[in-house]
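Below are two complexes that have subunit A in common, paired first with subunit B and then with subunit C.
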Partner chain A sequence: MSKLDLYIGLDVGSVSINLILLDEKYHVLEKIYLRTQGKPVAILSQGLEMLRNSIPAGCSIAGAGATGSGRELAAAMVGADVVKNEITAHGMAVLQYIPDAQTILEIGGQDSKIILLRNGVVSDFAMNTVCAAGTGSFLDRQAARLGIPIQEFGAIALKSCSPVRIAGRCAVFAESDMIHKQQMGCSTEDIIKGLCQALVRNYLSNVGKGKEILPKIVFQGGVAANEGIRRSFEDALKQPVVVPEHYDVMGALGAAILAHKEMKKGRTTRFRGFLSMQEDFTARSFSCNGCANLCEIVELSSCGNIQARWGDRCGKWSTAARAAQPAETLI
Partner chain B sequence: MTITFPHMGRIYIPVKALFDDLGVPVVVPPPVSKRTLEIGTRISPEMACLPMKINLGNYIESMERGADTIVLTGSCGPCRFGYYGIVEQEILRDQGYEMDVVILDAPGRDPRPLLKQIQRISGSSPWTKIIRAFLNASKIVERVDELADILLRKRPRELKRGESDELQSRFEREVLKCRGSKEMLDFIAVFKEKADSIPERRDASPLRIGLVGEIYTLIEPYVNLNIENKLGSLGVEVHRGITAADWVKTHLSFDLKFKRERKLKLKKCGNYLDLCIGGHAWETIASTVHYADTGLDGVIQILPFGCMPEIVAESILPAISRERGFPVMTLTVDELTGEAGYMTRLEAFVDLLSQKKGKEYEQA
Partner chain C sequence: MKIGIPRALLYSIYFPLWKVFFMELGHEVILSNHTNQEILNNGVKICVDDACLPIKIFHGHVTDLIGRVDAILIPRLISIRPEEYICPKFIGLPEMIRYSVPGSPELLVMDYNAYSSEEKGYEGMYRLGRELGSPHSSVKHALNKAGLRQAAYFREMEKGFHPMEIMKRMNHPSERYNTWYKDSFCTNAGLPSKMSAKNSKGTIGLIGHPYLLYDRYINMNICNKLAARGYKIRFPENSTQEKVDGACSRYPKKLFWSYGKRLLGAGLSMMESREISGLILLTSFGCGIDAFIDELLIRANHREFGIPLTTITLDEHTGQAGFDTRLEAFIDMMEWRSRYDNHISPHGAHLYSGQGPV
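After this line comes the complex of A and B, so read on.
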């Protein structure tokens, strides 16, 4: 049996934690999608445990990459070789699997972004700023309110013949508008389709404002599971919109690919194996009284040893934690 | 009379020296912090832009330390800042604070009101002393900016990571112990030498990014979440489209060479924008064109939420970006700006530039 090098990608987001196990040919051996539930440390440990069980015999982990808003936390816990922002990770994944893509529409749990790819590199991007109307969390909430499982949301939208117009500029107003339309007696499928269109309209006029959307267009992120939204994008853009096979874990996929590229430079991995889960990771936060900024410092420690700190503006806590860290622990 | 003034980056250094030289007691407001912003936000109209909220916070924190007179520049400008002096005065009065506000307005035809105001805040100093103090202060503005420029160049090249940042924070901690412009200038000279001798990596070829946008957000590190240091630690050499020294040279000095160059730069962006539309929008466009032409890798525009001139500039930037194949990113900041999203954008932009550069290198 030949020994295979595998790569791990972690995407720790606000709503979901995704883990990917990738081989050197970029075949996905395992993907895990878990809800964060506000407990990133516990859920990440759980995900790693699941991932370990799916490693084929004779294979070992040669590198790990972390992305997502919790990338620092993930990197500190497992010892990641690459820590990258979501935009670069998503771009990387798409360039690998759909090399002729020029536009990525990404809608996740709490943020949405557009990434433009030209000549094989990211050429421009934008993220939603202050408003979360039209992201996954909002759809989740509306599905729950209508008593429809989120998985069926898109399929129901497709049944609509005459969608109603929902004011999608703001999540709160959209909700009251939906209630109003329900009370007028509009059918559920027409309302849901209307909501999909409102969300797409909102996305294109905020995140996509002024961006040149060229084919091939790729739609990914958790919301890409929603066929109704995909169809609404196609209607609005008058072009086909592709949803990649691993649309829901593209960030983790990109992180794993980046880890592979990094390790090809001849480094040894910092990945602390699956040992890290047996350690008892605890995160605590305190506020620093060094100046009037009163920064909220997050401290991650295992077995009483401080692993990492972040959140300080001046860097005094994070630097101290880095200095206290023992030399790289390898498997 | 104990004077205070609003913060704007490192402008507190020359201003302190100025009043020291004049022998007028001065309170430097404590560094801008969350508390400053909270105070300012509480008493400002919600739609006012971020600089004003921070100004008000500065005044009140200085008042707690014994200041009773506020000095600030007004410009009667076509941007809201021009009215902030008056508005701030009214707000303080409504809130029941007893403070004198002295607004230094750029003179129209008649310079006498300005001169009168200057005399008022100068104690009973003779004019020769006042003029000398102002000249020295403007020298300090330039020296401080020169020091900052050295550190901007060093940061992506330093051998030991964090050395430049450390030197900078030591400078900022200790500079206020100096009294008067003479001491201040000597102190800055020492630090310039120290900065110059920070060891560099030989092989460093950092990305170069220009910062453009609204002057206050560019200059005040609290507001722009310390973008210069953040970019520096990502390995980027930062170029500043506008500095405090530029402002002084434009508005208060007779540096004809500088003024001529500035005019030339503004002229060169004429097909995008050929007049002043308020604030520093014209400079934003001109600097972007200039940076694109001089081979920088990209530009980041920063503006406070709701800044009219910069919003106009923002809508012109994509045209420059498209026509010259020059990456541009806009960041809007206000009291709600989240650091995580901000950092993600900076990192992604730097990645974008380095990928683009790598690609161009490959093809060449």
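After this line comes the complex of A and C, so read on.
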């Protein structure tokens, strides 16, 4: 059996950490979706352990890419070859698997975005502005408040016959509106369906404002698991909305693809293999008192060695950490 | 007298005028520190809740000066060009400060109202000069000097320089006013260090109010971040007034907000000239003027130009991750699209035409 080169994609988000193992033909060999639970370092180590066990014999890791809001952390931990923002990663993944897509609706834990694809490139995008209303973490919270497992949220919405109207502009307004409707005696499924519609309305008038939403429309991100939201999108757009097979790990997929494209240029991977999880990674944060900015510096170290620092505005800490790092350890 | 000037709002535009005026009258001018976390925190704490971020930051700068100066200058900019106004928050600024900032020293309210004519604009400055005890002739002389200096500053900005870069240059020992920026320009001025035309990948137009564009703390150091990716930047202040007026003449109605007009006109003329490969609209959350201007720019781009364009909203966030993601994604998109453009047609004159927004 010939030796296979595999690629790893990591998407460290606010709500979930996703890991992907991809072969050179972009077949998904393994995908792992874990809840971040506010412990990115521990959960990422756990994910890497799981991923290692699924590597077929005779295969090796030829490249790794990281994306998501915690991409710096992930990249520092595993030695990623590519560190990319989520827009580029998501665009890349969809172009690979659904080449005729023209619109990507993506709702993640704290971000919602719309990406327009034309002629095989990302041609425009928008993200939620300063407010995270209508994203996954808000749905999570509402599900918890109603005592419904988030997995069942969408299915319950589909049972509704006459959805109630919920204010969707702001998560705080939406919550108080939901409480009022509950107290009026509206049924849970109608409220949940109303919430789905409110989120979609808010998304389209905020993130999707002025964007030309052309088919094929792809809906992805953790919230795409919610059938109620998907149906509400279809109702509002009057067009079919496709949820791809790997909707929940598209960012990680894109990161792995980007890593592959990067490594094709002839580089050797920096991936520290799975050694990194045996090292005892600890992250701590402290406040720099160098000036009145009081930047919050995050420091990642393993076995007492500082691996990376970030969060400073002036670059004092991040450059120092980079200099302190030993020469790249290659496998 | 030691006069403190808050390094906020339109300081980056009118500082030479104010500075020379007070210096010529024999006063000492002290600037507040560059915006930092403490200034932001103080501003947010004492300012009314629903003001915009730049106004809150101005409050913070006023507190930063307390204890260091005899009086604090609070400019009341009512109109900066004939028959135009600026954001009404500037008109109410002295009152906001007077009733919100506890323990502030004397406030020197300096009106500037050029609504009827440019000359009339200086009447408020003249009045303040006289109130501070200087004779008619000295105030006239100081105004004259200050006006010339300000005009020179505007000309430099129109040559394409970053305003802070000009101020730094004005601090050169050979300069007549070499004490100008003493203590104000540390190494921290926030300038892209390498803006040479040779190795740049292109130019990005940055559209936003001066108090966002030239304050590296609020704007998350966007200028350096763009420069680090190899881009030159064009600012609204780099456009001449003629260009701004010319570009805005396409609209049937007069734009009566000076800054709105400048942002819109500069943005349009950048797009028309095709000198930029992307346009970033930087706005602070809740800005009423930008709500209109950004929309007009987006529509014009949608209909005619098809240039990569994005809006980035700033507020009290100090975590830079969200900002960086948007900026990085925008630059990636710009480069990705330009590779595609190059593949099809080197000029791209007809690219995307009739395909709607791209």
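Following the convention adopted for this analysis, the second predicted complex is superposed on the first by the 331 of 331 C-alpha atoms of A that agree within 3 Å, B and C clash if a C-alpha of one lies under 4 Å from a C-alpha of the other, contacts with A are read in each partner's own complex, and residues count from 1 in each chain.
By definition in this document, a residue touches a chain if its C-beta (ideal position, glycine included) is under 8 Å from a C-beta of that chain, and two chains touch if they have at least 3 such contacts.
The shown structure was predicted, so the numbers you read here are calculated from the model rather than taken from an experiment.
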Simultaneous placement of subunit C and subunit B on subunit A, clash or fit: clash
Partner chain in contact with A:T319 - subunit B first, subunit C second, else both or neither: first
First, second, both or neither for A:S69, with subunit B first and subunit C second: both
Touched partner set for A:I229, first subunit B, second subunit C, both or neither: neither
First (subunit B), second (subunit C), both or neither touched by A:I192: neither
Which of subunit B and subunit C A:V122 touches, first, second, both or neither: both
Which of subunit B and subunit C A:N85 touches, first, second, both or neither: both
First (subunit B), second (subunit C), both or neither touched by A:G210: both
Interface residues of subunit A shared between complexes with subunit B and subunit C: 69, 84-88, 111, 119-125, 127, 129-130, 210, 291-294, 313
Sites on subunit B touched by subunit A in the complex: 30-31, 33-36, 162, 165, 169, 226, 315, 318, 321, 327, 332, 336, 340-341, 343-345, 347-349, 351-352, 355-356, 358-359
Residues of subunit A touching subunit B in the complex: 69, 84-88, 111, 119-125, 127, 129-130, 210, 291-294, 313-315, 319
Footprint of subunit C on subunit A - complex, ascending: 69, 84-88, 111, 116, 118-127, 129-130, 210-212, 291-296, 311, 313
Contact footprint of subunit A on subunit C as seen in their complex: 33, 36-39, 217, 221, 285, 298-299, 302, 308-311, 313, 315, 317-318, 320-322, 324-326, 328-330, 332-333, 336-337, 339-340, 352, 355-358
